Each structure stands twice: as C-alpha cells, then as structure tokens.
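Input: structures, listed below.
Shared chain: chain A. Partners: chain B in the first complex, chain C in the second.
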Partner chain A sequence: MRTAVGVLVLASLAALFALPSVLSAYYITLVLPAVAYAIALLGFNLLFGYTGLLSFGHALYVAVGAYGAAVLSSKLGIKSFELVLLLSGAAAVAAAIPVALLSVRYEKIFFGILTLAFGMLFHSFLFKFYDITGGDTGIRVLRPSLFGNEFKDLDKTAFLVGPFYYYCVGLLAVLGFVMWRIVHSPFGLHLVASRENRRKSEYLGVRVRFFRLIAFSISAFYCAVGGAILAINTGQADPELAYWTHSGELVFMAVLGGFANFFGPLVGAFTFIFLKSELMGITQFWRFWLGLTLIVIVVLFPRGLVGLGQDLWTRLHRQ
Partner chain B sequence: MSAILETVGVGRKYGDFVALEDVSLSIAEGELVSIVGPNGAGKTTLVNVLTGLLKPTAGVVRFRGEDIAGIGPVMLARRGMARAFQLVHIFPAMSVGQTIAVAVISQEWKGLSFFRDVSRDESVRARVHEVASIFGLEKKLETEARHLSQGEKKLLDIASAFALKPEVILLDEPTSGVSSADKHGIMRNVVDASKKAGVKAIILVEHDMDLVAEYSTRIVALTAGRVLADRPPKEFFGDPEIVAAIVGRMVGRLAKEA
Partner chain C sequence: MTSFFDIVLGGVFHAAVLFLVAAGLQLVFGVQKIVNLACGSFYALGAYFGISAVNWAIAAGVPPALFLPVLVLSGILLGAIGPFIEALLLTVYKRDEAFQLLLTFALVLMFQDVLRYFWGANPQQLGDIATQYGKIVVGTLQVPTYNVLVILASIAIALGIGAFLQKTNFGRILRATAENREMALALGVNVRVMYASVFTLGTMLGTVGGALVVPTAAASLDMPVELVVEAFAVVVIGGLGSMRGALVGALIVGLMRAAAISWYAELEMLAIYLVVIVVLVFRPAGLFGKAVE
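Let's turn to the complex of A and B:
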C-alpha cells in the first residue's frame, strides 16, 4: 500500500509537469487555480481533518494572500514572487492569530460560527474601505518575477501557462512534502489526539489550545500561498475571494475528496475546479448539480472520492 | 513520612451546595490510598481538586509541596501526576501504539517537533514498546483502540497515563465495566508495574470493596463532602459503624441500581 501511494504521488506530479505539452493553454489556466486550491486545502485540512476543527471562514486567509500579492506588487512595487509569498503568508498568520486565540477555545459549531463571523467582517472591510482596498473592483496584481527572472519576452498567458505554472506545481510538491512531515510528526500526533478526545489528551500533557493555535496559523499560511497564486492567475484581488461562499467551497473540496485522508483534499480541489468549469459550460443550473454532487458524496461516500478509491482498491486486491 | 500529595481544609461549593467541606488528606510515598463513599459523597469533586482541574473554594492542595489548585491537566501531567478515567477515555481512531506515543512525546518534550517522523523515533518507539509490554498490549500495538475489548481499553487508558512516568497515579474506578475475573488482573498489573516503574503513590477511587480491601494501604471514606474515616483497611473494616455508614449505604445503592 505504502509503495502504491508513493508511485501514485510521483505519477501525479509527473503528469502535472507534463500537462502543458499535452493540453491547450486554456486548460492550463484551469489547472493553475486547482493547484492553488490544492495548496490552500493542504493547510485547511490540517485544521479540519487532523485537528477536527471545521472553519467556515478560511477564505479570509486566501483573500489576505491575494490582497497581499496585490498590494505588494502594484502599490509597493515588490516583484519577487518568493518575497510576495513570504510576506503575504506572514500577513495571513498575523491575521489568523487573534482569530485563533478566540476561536480555538471552542469546538464544533461554535468554532465554525466564530470563524465564519471573522470571515464576514473581513469581507465587509474589503468592500467598504474603498480607498484602501479598491472596494468591489479590488486591486490589480502585477506579474511577479520568479527567482529574480521577469520573463519579459513572454506575454501574460505564456508566462502563466509556462514558468509560473511549473513554479506553482513545484511549490505544491514542496509544501505537500512539508505538510506530510508535519502530520506525521509528534506535533501532528498530538493534534490528532486532541481531536479524538480533548480531555484525555490534556491529561497526557497535550497543550491543546496552543497546538490548535499553531495548526490554525500554519493553515492560514498555506491558504495565503494559494490566494497569492489565484490572484496572479486572474490579475486581480477582489472581495469575492473573502466572501463566505468561498469558505464554503473550501469545505466542499475537502469533503468531496475526503478529509480523512491526506490526499483527499488535493483530489477534491482538482475535481471541484473541473466539475465547476465543465458544469458552467453545459448548464446555467451548475450550482444545482454541484449541490447534488455534494449530497451524493456525503450520503453514499462519506469518505469522499479517495475513500471510494481505497474501497475499490481493496476489493480488486481481494479477488 | 513526608507527604507527596496533601490537602488542607479543602472545601468546594457550587452556589449554595457544599460538595466538599474541610477535607484534609495526606498521601505519602509507598501508599495506595483508596477513596470510597456513596454516590454524591464528593469523590469526583475531590478527584477533580486533587488533579488540579477544579479550584477549591477553601483550603490548599499541594503536590510535592507546591500549590496545584486549578493548574489544569496539562501542567499536572508535566509535574508528574497522571490520571486514568472511570469511563474509558481513549482515542478511538488511534492505534494502541499511537495512544501510548502521545504520552511518551509529552514526557520527552517532543510535542513541538514538526518534521521528525514519529514512527521512526527510536526512543519513542522503544518506550512505547516497553509500556505496552508491561500491560500485555505489545501484540496489539497496531490495533485501533476502538477495536479493543473493554478490559483492554481500560488497560490502554492506564498504560497511557503510566507512560508519563508519573510519581503519583490516580485511578478513577479502573475496573468499572470489567468482568470480576479481569478486575484483579488489571489491579495486580497496575500495582506491580507501579512498583517497578517507581510510581511513588497510587490513589484509587473504587466502589468494589474486594479490591479496596485487598490493595489499599489506607482507606479514606467520604460522606456528604466530609472525611468520615481515614484508616488502614483492617481498622476500617473492623469498625461496624463505618462499614454500616459507607459499605451499607453503597450496597443499598447498588442493590437499588441492579
């Protein structure tokens, strides 16, 4: 099983790197947001799947990443994408700490509602403070440099589907590896213990609130990285990114792929983006069909697509 | 005899209701002190005060000479007191090995390492194996806790508390819901393991008078929040008044429940 997982991961990464030579530029601009969401969900699921805290307000940190990229690139003239990622990530952590300090004292619906409330607060801030945030039009995001290289000979699309795409897939691989280490570390085990039984874990010396705070901050950092990629892809940071339905989409992706598994949310991110864009092309009732998909998944396959895949795998191996 | 754990004049009120009043106890090295009493006598409140979960409204609680009133379970674990629970408190989706590892990680101060693979940490692994074999769980390391039998769940709960290398261990009805054949097995296991591992004192909260009589070095009886008696087992069971007040009422209660 372990080797099978390793082979699958390497094959998926190779496929992602090979995609631009197979698919048209249009499809690559679709894969880019999927990669961005995959990174955001790695973080989101540290909190949801591993720590057992379901946030309905994580679009806030995606938006902080996006606006961070916008402000840094078009207002402060910072070009280096590495610097943009670090600074927007740090801003997201700074925004997450006060929210987390308050909300990690609670669990379940109370945690969810508190995070939702903070998300809505931030959305109205983006919307109302026109002078700072550009209101409903948002802020333009300029093309960054990658490792100091500006790729001036490439037009916008060529840049996005070329170097920027490879950069982001590489980022997904690196951040995925880091998250894999985190969830298998002693820290990760303590998070799971606090999810399984808070009181017992405290009596075993697990510093539940403190560790939840750290998990929350890490998840905010990952979401901000995803948000920065999204903003560069569209060239715009707008308040929709912080709207509560966007937080809902993060939850949707995690459930669709299966939050109990490390790779579930990644599968969920890719499936969701393609499902949504295909459905939008076919019918104006795409929201209906997305909703129906979610119902089917929750009722019939509560462990998501990855859980379904695991069941099929064991069934095949028994025969 | 110097006390490891002591309470002086401890009281605890909930509004107007007095759950504990003027409780003074002292537990010394080498003792196994049983706390007995009918339901509603204040045992749970006393346990919660002794483990730093509840702040007493009067008096002091000291562990190794330091005030531990209301310090909370995490700090308590760090200072060397562990607690096993009446209702099995385990991590259902975690394996036996992982459950014990949670305690070993706290005890070795490794909770804040983010990048080490915990399954490859030799010192954690060795200690998990050691603790598991003390409690006869070494063949179940990979088994998820929810698939264990009731008796094994109890053992795992105690084993994880034990993995903290505590000086004092508090067992809250460690054998409730376990067959009478297994009860003695669990108790003997815990007492032997504690001696070997250098646990200095055990506090036992128990309804089962067989176990109390056999394993205690001293018995503290509570009624209505007060200490009624604090004596060695022989004197305790030799005093018809106390037996009538404590055991009689408990038997009556148990008969009613049955």
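Let's turn to the complex of A and C:
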C-alpha cells in the first residue's frame, strides 16, 4: 500500500509537470488555481482533518495572501515572488495568532462560528475601507519575478502557463512534503491525539491549546501561499476572497476529496475546480449542481473520493 | 430628534425581521443541534415568493390593501418545504457537525439557483405598496404604518412562540426533547414528528420574515448569504439556542446597524462583528446561552 501511494504521488507530480506540453493554455490557467487551492487545503486540513477543528473562516488567510501579494507588488514595488510569499505568509500568521488565541478555547460549532465571525470582520474591512483596500474592486497584482528572473520577453499568459506554473507545482511538491513530515511528526500525533480524546491527551501532557494554536498558524501560512498564487493568476485581489461562502468552498473541497486522508483535500481541490468550470460552461445554474454534488457526497460518500477509491481498491484486492 | 427617532425606528424594524429569522435558527439549533446556514435562503425565498403572491392576489382581484395578510399567508404556505428539507437532514443527525454544516451549505448553493431560475438575476421589487397604509403622525414625527405593523406582528409572534413553548403540552415536550433527546425518546415522544414540526416551524419563521420585509426593500440574490451573517451575529450575541437571546441579539444588531449606516457607513458590519467577538471573548456562551465547555 505504502509503495503504491508513493508511486501514485510521483506519477501525479510527473503528470502535473508534463501537463503544459499536452493541454492548451486555457486548461493550464485552470490547473493553476487548482494547485493554489491544493496548497491552501494542505494547511486547511492540518486543522480540519488532523486537529478536528472545522474553520468556516479560512478564506480570511487566502485573502491575506492575495492582498499581501497585491500590496507588496503594486504599492511597495517588491518583485521577488519568494519575498512576497514569505511576507504574506508572515502576515497571515500574524493575523492568525490573535484569532487562534481566542478560537482554540472552543471546539466544534463554536470554533466554526468564531472563525466565521473573524472572516466576515476582515471581509467588511476589505469591502468598506475603500481608501486602503480599494473596496469592491480590490487591488491589482503585478507579475512577480521568480528567483530574480523577470521573464520580460513573455506575455502574461505565457508567463502564467510557463515558468509560473512550474514554479507553483514545485512549491506544491515542497510544501506537500513539509506537511507530510509535519503530520507524521510527534507534533502531528499530538494533534490527532487531542482530536480523538482531548481530556485524555491533556492528562498525558499534550498542551492542547498551544499545539492547536501552532496548527492554526501553519494552516494560515499555507492558505496565504495559495491566496498569493490565486491573486497572481487573476491579476487582482478582491474582497470576495474573504467572504464566508469562499470559506465554505474550502470545506467543500476537503470533504469532496475526503479529509480523513492526507491526499484527499488535494484530490478535492482539483476535482472541485474542474467540476465548477465545466458546470459553468454548461449551465448558468452551476451552483445548483454543485450543491447537489455536495449533498450526494455528504449523504452517501462521507469519506470523499479518496475513501471511495480506497473501498474500490480493497474490493478489487479481495477478489 | 427626528433623525435619532428615524434611526431607532429603522433599527427596531430591522430587528423585528432579524428576530424572526434568528428565532427559526434558534429553534432548530435548540432541538436538532444543527446550525442551519440555509436560514437566509428561506428568508430570501419568502421575499421572492411574497412578491409573486401579492402580484397574483392583486391580479386575481384581491384589494391591494389586503397585501399584508397575503404576505403572511404566502410565508406560512412556503413553510411546506420544511418537512422535505428535514427529511434530507435526517441522514446526518448522527454525523459529525462538519457534515451537518456542509449539508446546509449545499442547500444555500442550490437555493441560490432556484431563486435565479424562477425570478431571474435582477432584484425584484413590490413597488410602493407599503404607502397604502399611510403614516402615523405624532407631533413632528412621522412613521410609516406598515413598519409599525411589522414590528407589532414580530412582537406578537415572539409572545406567541414564548407562550407556545412555556404553556402548551407540545411546547413542554419540545423543550424536554431539546434538553434530553434519549430520555424523551424513552418516555415515548415521537422524536421524528417532533423534529419535522420544529424544522417546519423554523422554516416558516424565516419565510414569513422574508415576506414581511419585501414591501420596504428589494429582493435580490445577495439576500440569503448576507442575511446569514447577520442572523449568525444575532444568535452568537444572544447565545445559541436561546429565544430571549434571539430577541436581545436582534435588537442589538438591528439598532447598531441602523446607527452605523447613518453615522459612519464604513462601520456597518464591522461594528456588528466587533460586538460578536467581544461577546464571545467575555461571555463565550452569548448573553443568554448555556455555558459551553
């Protein structure tokens, strides 16, 4: 099983790297947000899947990443994408710590509502304070340089589907590996233990709130990296990124792929983005079908697509 | 003086409508322990359906002055969707909260397109039908009669729910079920029927609230998602599951919103959510909620 997973991961990565030579530029501009969401969901699921805390406000950190990229590139003139990622990630962690300090005192639905409240607080700040944030139009995001290289000879699409795409897939691989190490470290085990039985793990010496605070901050960092990529892809950071329905979409992706599995949310991100864009192409009533899909997943396949795949795998092997 | 009075009246009017939706949310949370994100969708559905119902009624020869009963009736009739949605929620009662929340989130997405399908993407309005009822003039102060009627209707509904929960047998059984489901079940309460009726009542409160607001505001597709955040603020300030909390929370949110809009519009939602966070920090269970662990 373990080697099978390893092979599958390497094959998927190779496929992602090979995609631009197979697919048209249009589809690559679709894969790019999927990669961005995959990175954000790696972080989101550290909190949701492994720590057992459902945040309904993580769009806040995606928005911090996006606005971070916007402010750094168009207002402060910082070009280096590495610097943009680090600074907006740091901003997201700084925003996450006070929220986490308050929220980790709660669990379950109260945690969800509190994070939603903070998300909406940030959204109304972005939306209403026109002078600072550009209001409903948001802020433009300029093209960054990658490792100091500006790729001046490429036009916008060529840059996005070319160097930027490879860069982001590489980032997904690196951040995915780091997250894999995090969840399999003693720290990750602490999180899982406190999810399974908070009181018992406290008796055993797990500093539940502190570890949850750290997990919250890490997840905010990942979401900000995803948000920065999203913003560069669209060239714009706008307040809708922080809206509560966007947080809902993050949860949707995690459940669609299966949050009990490390790779589930990644599968969910890719499936969601393609499902959404295909549905939008077919009908203007895509929300209805998206909602229906979610109901089917929640009611019939609560372990998500990966869970479904695992069931099929075991059934095949038994025969 | 006049402007201050207008702010208070506008705030109380908004609070009256918010209370109805929040009361529905509280009722469902109190009994089923489900936070229904789709409460805003019921509200918007009530608003759109109310517009159509009044237009049909007028076309069928009902005197326009009777639009208020028509609106209330349309809201109550719409409550008929309650049992069907409850039947869907039935599948997740024993599951993790994440699934319950996501199921109602799926309903939000679906209702968004149901509204778009039947009423189109443009905001709908009922025209200035509310002026039919004229104004109440006290000295220099003027109040639209319709707004006063809605406030009175909301107070009547609040008292009605209170009496229903405290004085009737059904209400007592309902509270007992909310308190201890297993015990109620063991004592022979038909929990299935209880859940379906509670959810239907909760739905009706939302749809009636939406129907009552359309004579004064347009119905738009942003309505459901925007109302949810306000209704959430109300129940968090008041305390999840508490009816008195819904009342006080609605007044706080309604008045603050009205005050913020007229004095410093940038602060509208920000002010409300600051209150939410302050309440959660100092009184995590809300003003009237039961303590949480």
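In the analysis below, the second predicted complex is superposed on the first by the 319 of 319 C-alpha atoms of A that agree within 3 Å, B and C clash if a C-alpha of one lies under 4 Å from a C-alpha of the other, contacts with A are read in each partner's own complex, and residues count from 1 in each chain.
The rule is short, and it goes like this: contacts are C-beta pairs under 8 Å (C-beta built on N, C-alpha and C of every residue); 3 or more make two chains touch, one makes a residue touch a chain.
Everything numeric in this text was worked out from a predicted model, so none of it was measured.
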{"item": "Which of chain B and chain C A:E202 touches, first, second, both or neither", "value": "first"}
{"item": "Greater chain A contact set [chain C / chain B]", "value": "C"}
{"item": "Which superposed partner A:P186 touches (first chain B, second chain C, both, neither)", "value": "first"}
{"item": "Contacts of A:I113 with chain B and chain C, given as first, second, both or neither", "value": "second"}
{"item": "Touched partner set for A:V255, first chain B, second chain C, both or neither", "value": "second"}
{"item": "Contacts of A:F211 with chain B and chain C, given as first, second, both or neither", "value": "first"}
{"item": "Which of chain B and chain C A:K128 touches, first, second, both or neither", "value": "second"}
{"item": "First (chain B), second (chain C), both or neither touched by A:L102", "value": "second"}
{"item": "Shared chain A contacts, counted only where both chain B and chain C touch the same residue", "value": "none"}
{"item": "Sites on chain C touched by chain A in the complex", "value": "35, 37, 88, 91-92, 95, 97-99, 101-103, 105-110, 112-114, 116-117, 225, 228-229, 232-233, 236, 240, 265-270, 273-274, 276-277, 280-281, 284, 292-293"}
{"item": "In the complex, chain A residues that touch chain B", "value": "178, 181-182, 184-190, 192-193, 196-197, 199-208, 211"}
{"item": "Of all residues in chain B, those that touch chain A in their complex", "value": "51, 72-74, 76-78, 82-83, 85, 89-94, 98-99, 101-103, 105-107, 110-119, 121, 124, 157, 160-161, 163-164"}
{"item": "Of chain A, residues touching chain C in the complex", "value": "48, 54, 56, 102, 105-110, 112-114, 116-118, 120-121, 123-125, 128-129, 243-245, 248, 251-252, 255, 259, 284-288, 290-292, 294-295, 298-299, 302"}
